[in-house]
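In the two complexes that follow, subunit A is the common piece, with subunit B as its partner first and subunit C second.
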Partner chain A sequence: MSDPMIVTMPIRLEYDYSPGAGRSRFLRGLEQGKILGERCHVCHKVYVGGGSGACPRDGVPTEEVVELPDVGTITTFCVVNVPFAGATVQIPYVSASILLDGADIPLMHLIQEIPAEEVRMGMRVRAEWLPEGERIPSMDTIKYFKPAGEPDAAIDDVLKRMRADA
Partner chain B sequence: MRDVAVVSFAQAPSRRRVPEANEVEILMPVVAEAVEKSGVPREKIGFTCSGSCDYLAGQPFAFVWGLEAIAAWPPIRESHVEMDGAWALYEAWVLLQEGEIDAALVYGFGKSSPGSIRDVMAMQLDPYYYAPMWPDAVSLAALQARAMLDGTDHTEREMAEVAARSRRDAKANPHAQVTGDFDVDMILAEDYLVSPLRKSDCAPISDGAAVVVLAADDLARSVSSRPAWIRGIDHRIEPHSLGARDLTTSESTAVAAERAGALDDKLDVVELLAPFTHQELILRDALNLKNGSAINPSGGALAANPVMAAGLIRIGEAAARITDGSADRALAHATSGPCLQQNLVCVLEGE
Partner chain C sequence: MSDEVLRAPHVLEYAYTRSVGPVIGRFFTGLRDQKIEGIKGARGQVIVPPIEYDPQTAESLSEFVEVGQSGVVTTWAWVNEPRPNNPLQKPFAWALIKLDGADTAMLHVVDAGAEANMKTGMRVRARWRTERDGRIQDIECFEAE
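Up next, the complex of A and B:
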C-alpha cells in the first residue's frame, strides 16, 4: 500500500478585533493597573475577566463598574506537564481559576512563585503586575498570581458564591 | 402541518463598522426588542436557535458568546447553525412541527468588519482545489455574472437598474446602510471592481443582527392580531463544485419554491437575498415571478448585508409587511455558499 498523501496548505487571515464596550472597560483598567468588574443590575452578580459586557444569566448590559482588589482565592487548578508551541512558561506550571474578592465569576491565570505540588483549592493569591509604564490593555499586564501569604479560605463557601442561582 | 407564524421581528441598524460594540452588545438590545414586541412570555420560548459564522469574528466558538445576549438561565434548549439565521429559523420551524413547544427565538448575527470578508468567505470553499487559490467572494460572483451576461439575454443595464431600485427603496428603511437616488447611467459609468461587477453591483460590508420570534397555533393568535403564517418553507443545495453547476440559473431556488408552494398564488412582496445585482436577475428567473410583486421593498442585501443575518432579515421584512396589512402573501428567500449554492424559500401569509 502506498503512503497516505499529506498536503500542507497554510491559511492566514488577519482581523482587527474590537472588544466592545464591556471588554474595553476591563482592558483599559488593566492598562491603569486596576481590575474592573461589572455588576448586573438584575441579579447583582459581579462579573470580571473581560466578558462580553452582558450578564450571561439575564441577557442585560452590565454597566455598573466595580473596582476589585487584585487578591482572590483559587477555586480549581490544573498542573500542566505538556509543552506546546509558543509556550513562554516552563513546565510543570499551574493554570488556575481565581475568584477575586468581591467577584462572582472566576478568572483564569497562571500561578507562580510556588512549587506546583503546593498549589491547592482555597489558596489565597495576589496578582503580580508588570511595572508601571509597561502596562498595556491586555491580560498579559498581570504576569501571574502568586501566594498572598494569607491563611486559606473556606473553599465550600467560595464555591457556593459562584453558583448561578446563588 | 402545524400552523407556525412569525410574530415578531427586530434588527440592528446595519453599519459598515461598529467598533464600539462586540457581537453580544449588538445583539442584546435586538433580542430584548423582539421578545418584548412578541408578547410571548420568556418561559414560553421552548427553543432558541442561532446562525452565525466563527470565521467572521476570527475566533473559534465565537457563536457561544452570542448566548450571553439571551439570558440562558435557567438552562435553555438551544442549537446553532454555521449558516445564515434563515436556516436557524428552519430548524426552529421543524421543532415547532413536532408539537412539543409553542414558541421559539431565532437570531442571526455577525460583524463582517473585523476581517477581509471577501477573503474570509473563501474559507467556505473546498479546502483542496478552490480554497488554496483564494478566490475571493466578489471574484466568484463576477464569474457567475459573466456567465449570465454571456449565456442569457440579461444586460449590465438591468443589473444597474437593480442597484438603483434597491437603494432608492432603501430610503424608507431606517436600518439600511446604503440608500439614495442613484442614476443607472452613472452606475454604468463606474469602473469595474471585478469585471463585470461594479461597486454598485455589490452588497455593502455590514455589521448587524436580526431576531425573529416564532409562535404556533393559538399562542400566535393570542399575541398577534395578524401573525405572518409560514405556509411553506424548503431549502435545497446544489453540487459544491462550481464547475458542476449551471451558474446562470438557480435550480435549487426553483425546486425550493415549488416545494414551498410559492408559485401557487399571487405574491405581493418578494424579499430576495441577492448580495450581487445579477443574482437578483437569476433568482427572479428561477422563481418565474409575475408582474405585480414588489421585489425587495426593504432595499435587500444591496442596501444592508450583515452576513449571517441578511437572510433572516428577508423573512422578517416579508413578515412585517404581512403583519402591518400591506401584503397578504409574501415570499422570502435566503442564500448561502458561493454563487447561490444553497437556497431557502419561505412563503408567508396573513389570514
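Up next, the complex of A and C:
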C-alpha cells in the first residue's frame, strides 16, 4: 500500500468579539496608562482586570471606578518550560498572579527582567508599559511586570486580603 | 474617555495536519484522477464515500468499486447566503447524492442557480475542477444533468 495521505485541515472560527462595558472601560484605561478597578458598594472589594461590571459575591453593579497604582505583589506564579507555537517570550519564563496595591483580586501577567528561578511569592513588582503613543486598549499595553526594587511583602497578609470573608 | 463598548475581530484557527487513512486516502487519490470510488460492504452493498469497516458487521472492507459520476438527489437544503468558507460564493444547495451504482448517498453541493430548480429525485452530474489535488473539492459541485 502507498504511504498514508496527509492533509491539512484548518479549523477556523471568526469572532466579532466585544469585551462588554466593564472590560471596555478597563481596556480604555490601559490606553491612557491607567489601571482602572471598580469597587462594590456592598462588600467594598475592588475588582480589577475588567470583570463583568458586577460584584460576583453581592450581584450588584460595581459602578465606582478606582484608579489603581501599577505596583503590586506576586501571590502565586508558574514557571513555563514548554515552548509552544506562536510564543514570543523565551522559556523559561514566569506567568504570575499579581495583587495590585488597593485591589482585592489579582491580575495575571508576565514577569520579566529577573531569572525565573528568583521569582517568589510576596515579591513586589511594577508594570512596564509601552511608551506613550504606542498604547492601545489591550492588555499588551503593559508589556510585563518587573521587580519593583522594594522589600518583599508579608505574603500571609497579602493572601488574607484576597479571602472572600476578608 | 469614550464610554463606547469595544469590538474587535478575533480569529481562532487550528491548522490540523492529519492522515486520512488507507481507504479515504485511496478515495481522494481517485478524485485527483477524476474517478469516484466506493467500497463493497459485507452484504455486497456499495458504500460511497468508502469506509474502513462494515457498518453492521464491523468487518474490515477492502473491495473498491468505481461508481458513476451522475446520480440522484435524495435530499437537500438551500443556502441563500453562503458563508466565506462555503464551496460556492453564490446561492447553492447542500445535497445528499446517490451516485449510479452506489447504495448510499454522499454529501456534496449542487449548483442549481435558484432554489426553484432543486427537486428531490433530480439527476445531477459531477463538475470537476481543472486543477485537482486529491480532496473532496476536486469535485467543484454537481449540476443538473
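The rule we apply is simple: the second predicted complex is superposed on the first by the 157 of 166 C-alpha atoms of A that agree within 3 Å, B and C clash if a C-alpha of one lies under 4 Å from a C-alpha of the other, contacts with A are read in each partner's own complex, and residues count from 1 in each chain.
To be clear about the criterion, a contact is a pair of C-beta atoms (placed from the backbone, for glycine too) under 8 Å apart; a residue touches a chain by one contact, two chains touch by 3 or more.
These numbers come from a predicted model, not from an experiment.
Shared-chain residue A:Pro106: touches no atom of subunit B or subunit C. By the touch criterion stated above, A:Gly72 is placed in contact with neither subunit B nor subunit C. When the two complexes are overlaid on their common chain A, residue A:Pro137 makes contact with subunit C while staying clear of subunit B.
In the superposed pair of complexes, A:Arg28 makes contact with subunit C only, with no contact to subunit B. In the superposed model, A:Ile11 makes contact with both subunit B and subunit C.
When the two complexes are overlaid on their common chain A, residue A:Pro19 makes contact with subunit B and with subunit C alike. On subunit A, the patch touched by subunit B and the patch touched by subunit C overlap at residues 7, 9, 11, 13-21, 23. On the subunit C side of its complex with subunit A, the touching residues are 1-22, 24-25, 28-29, 84-85, 134-135. Of all residues in subunit B, those touching subunit A in their complex are 18-25, 28, 31-32, 55, 57-58, 65, 67-73, 111, 113-116, 119-120, 123, 127-128, 131-132. Residues of subunit A that touch subunit C in their complex: 1-2, 4-21, 23-25, 27-29, 32, 137. Residues of subunit A touching subunit B in their complex: 7, 9, 11, 13-23, 51-61, 164-165.
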